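Order of writing sets the labels: A, B, C and D. Residues in every chain begin at 1.
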Amino acid sequence: MKKFINAPEAVLAEALSGIAAAHPELKVDAENKVISRGDAGRRGKVALVSGGGSGHEPLHGGFVGLGMLDAACPGEVFTSPVPGQMLAAAQAVDGGAGVLFIVKNYTGDVLNFQMAAELAAEEGITVETVLVDDDVAVKDSTWTAGRRGTGATVFVEKIAGALAEQGAGLAAVAEMAKRVNAASRSFAVALTACTTPASGKPGFDLPEDEMEVGVGIHGEPGRRREKLRPAKEIVATALDAILTDQPLDTGDETIVMVNGLGGTPLIELYVVFNEVAAALADKGVVVARNLVGNYVTSLDMAGASLTVCRADADMLSLWDAPVNTPALRWGS
Amino acid sequence: MKKFINAPEAVLAEALSGIAAAHPELKVDAENKVISRGDAGRRGKVALVSGGGSGHEPLHGGFVGLGMLDAACPGEVFTSPVPGQMLAAAQAVDGGAGVLFIVKNYTGDVLNFQMAAELAAEEGITVETVLVDDDVAVKDSTWTAGRRGTGATVFVEKIAGALAEQGAGLAAVAEMAKRVNAASRSFAVALTACTTPASGKPGFDLPEDEMEVGVGIHGEPGRRREKLRPAKEIVATALDAILTDQPLDTGDETIVMVNGLGGTPLIELYVVFNEVAAALADKGVVVARNLVGNYVTSLDMAGASLTVCRADADMLSLWDAPVNTPALRWGS
Amino acid sequence: MTTSPVPTMNGDSVDTDRARTWVQAIAAAVDQHKDHLTQLDSAIGDADHGTNMHRGFSAATTAVAAMEPDTVGAALITAGTTLISTVGGASGPLYGGAFRAIGKALDTPTAGTQQLAAALAAGLASIQKLGAAAPGDKTMIDAYAPALAAFQQQAGAGADLAAAATAAADAAEVGMRSTTPMQARKGRASYLGARSIGHQDPGATSTALVFRALAETLGAR
Amino acid sequence: MTTSPVPTMNGDSVDTDRARTWVQAIAAAVDQHKDHLTQLDSAIGDADHGTNMHRGFSAATTAVAAMEPDTVGAALITAGTTLISTVGGASGPLYGGAFRAIGKALDTPTAGTQQLAAALAAGLASIQKLGAAAPGDKTMIDAYAPALAAFQQQAGAGADLAAAATAAADAAEVGMRSTTPMQARKGRASYLGARSIGHQDPGATSTALVFRALAETLGAR
């Protein structure tokens, strides 16, 4: 294993310390492992808390700041944080208007956040939870763990965060977060496996001419293995999966993210976005806003995910609202 | 070779088309391969033009916009652009106040920009050139090609760009660019080689327990190969090389960049920054500003570079000035 | 999973010391099998189950070592709470909740076979309540449910603790192996669909360690 | 680099057609050795020399094919300009400038051995002026300089074009091989310091192709 680390067990604590040093505008609680806004706990503002395993940076810590999250709880690499962390985060940021937990739909995240919500309620904090489950590679069913939460998390955090910043109440913010999730679909493809610091080996071996189709963001193999194909065809596969699940009409406006999983050069992400833009234009679908870059990564995995959100006018205007976080920043 | 591309020859054109689709605020001249600001050519404003081989994204195209570059000319992957491109860029952005070419010190870049400067002069455009040569892994000497330009390019483009935005003249902007370069030093380490689309193979083979020390950003091997060491020791090596070349005193203020070469997870870059911040704090050196992320990449290389700029008050205030580009954005 | 001879001084009741010993025995087993658990999780999950269990049971061992428990359950409740607050992931709340449930059902200074059977049943109920998985879903339940059934059957037949726990450990290992041909319907492995078939479930494997540790603690040979 | 028999109809002068043929012959050689050039550049550079040369000489071939040149040099000037505007990198301006210089020195409908020798010398001067490299720096100059010397020596001794060009091509290949033990002091390979030793310089290798193509064009057997 080749990594810029000192010891696998120390990665999270040291990275948090690095985040604290790099972003003095954030508060980093090293003991509870909570990253929060410098001005967190503002009276009357609904607070957004998210979290999940580490290894997906900039998610979630990179999205803490004005117009987005109030706090993030990073767990160990690919391991959900624990309820105590989430409770500490909720306590740090609650301004009396309640806390929204934004939870990616994985058994571990769901169970831990559920316990945290119970603990928070015992402390008198009103908590609402929204589950993000946008990955169409996984079939949705009441008999399974359901869809994974991936790229749409960024959209949910940005748009709900903007609404909270404008002073909306907890129910309205939670409702908007759910709307964004319901309007979003993702699909990912990987060319290589990633290596966690603790395991020290790539999660799977992939021949030089093959790719994993329908992967998640935790290094697990995908739904199927296929021969590597040109970017155009890979995009067609991903878009097809997305649009089969949620058809789009001519004139529909979308927010589109082409996201790198950590080991993919940006120049390739632009090649992918070029194909996505062309394919959607062909269908008359409008790409009103976009993100191209590394936003929800899977350590060093060479891979890319596509997220498409059918955005209404409210969502677009909230998207455009100011945001000031380490990884997403615009407006004033 | 595993890449999200359609064909090696098409990468640059398609990525440019993707950049155009993703960033409608920029102008992309597909024929001349020039990315410029939507408002480029503003009368009286000194225009900044940079460029170099592709594969280093977001450098340079991602730094085009308010407060930074007026235009970027991307060459083929790891290949300097040609003089015609640079001339087209200069023509597109000259507002009568002259053009500053920001050139990383590589034989190809230097020669092509030199020819472009001659062509531009023939067209009546005043051109100044600043060479960036910050990489202390390469020994400087009049008998060699001299030091490479790497991470300091971002500092030069940001700070000189801010000064130009404020209306300074060409000589002053060029002078500031040179000052920033003179105050900056970089050093990089790689854990893996990168693969160019055209060659299809990693540039070198590196055993599982070794690293290349003193690498550039073009996939070439470094000055020496060593056993992989903990992040703390790697940082000590890099800082030592930098500070030997340019000693810093207690109380000196710096801008520090921990830059990923493309395949390094962000969480590791924060671990590295944590070590850098601690080591500089030990010496009483102030990290006044910082960047942690992928800014000057080498395709999919797993590696990291450290750049330290001893910044005076002018540089810090220009650093803080508004910037609005795809890859760097702050202020209003 | 070899069995070392442990003196059977207290064959038909669990006391507070043994509860603590059980936690320590699990920690030792997890320590020994950490890489194996992570490797199993790497094939159909996210390669952290060994690290998760190790982090949790190391912390639990430390926590129970510092106690002077009055009841059999006290140490197990503490262990469960510690798992919840240190593990994360799916296994943290599931095992944490289970140990807390088992502990709550053992609020006496000693406990016999029948009481332990009921406590173990409460543990399974907690896992099922939280995780909503059924037997055959390729989870820890596929080791836990047969282990519990074997324990209950032995208890019903009047067996002593050691015999019941040994039967449970054997059944857990059979259950663990039975997960290999299953297609996962819960947890992370479910994302693989049919590709989850052919791999042994990491959680079922750690559950087998938990029951083997119980058998060892209760004096099986 | 094998030599195919070419009719020697015009043994002692270069005409406009042959100038064009030379460019085409270089393009063909580069096409054939593209991967080899890139491989050499991968070891001590940035793995683009084959692609660079290929892009440039393909474009140059197209450009000169469309011309009706009046002078020997016209096609070479066009080739040089095309290289400058399509190659990029270090080799673009260096080769581009050299071909432009060679072309400018051949502003006549035909040219003999002495005139070609002078033109080739102008090409080397352009490379040295731009790149400031000296023999022994492990660059294209280490193939070009000995090739030029051999050509000049043959020309001085009254040899015909074919013989002079063949001697130049042979000397270029010797020079090319002589770069292997050198430590690079110019270009990208210089960044490797002592580690550049033991690898053949890509630019010297392409220069050997350029001179071999000249010999073939001028009728060497």
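Just so it is clear, a residue touches a chain if its C-beta (ideal position, glycine included) is under 8 Å from a C-beta of that chain, and two chains touch if they have at least 3 such contacts.
From a predicted model like this one, the values you see are computed outputs, not experimental measurements.
If you take chain A and chain D together, the chains in touch with both are B. Common partners of chain A and chain B, by the touch rule above, are absent. In terms of their C-alpha centroids, the spacing between chain B and chain C amounts to 55 Å. Rounded to a whole number, the gap between the C-alpha centres of chain A and chain C is 33 angstrom. Centre-to-centre separation of chain C and chain D, using mean CA positions: 75 Å.
Counting partner chains per residue, chain A shows two or more touched chains at residues 77. Taken chain by chain, the contacts run in an open path, each chain touching the next and the two ends left apart.
Across the assembly, chains come into contact as A-B, A-C, B-D. Per the touch definition, chain A reaches chain C in the complex via residues 53, 75-84, 106-108, 111-112, 114-115, 137-139, 143-145, 148, 196, 198-199, 201, 203-204, 216, 218-221, 223-224. Residues of chain D touching chain B in their complex: 38-39, 42-48, 50-52, 55, 84-94, 130-131, 185-188, 190-193, 195.
Chain B makes touch with chain A in their complex at residues 1-7, 11, 14-19, 21-22, 54-55, 57-58, 62, 77, 191-192, 208, 211, 228, 230-232, 234, 262-275, 277, 287, 290, 292, 294, 297, 299-300, 302, 304, 329-332.
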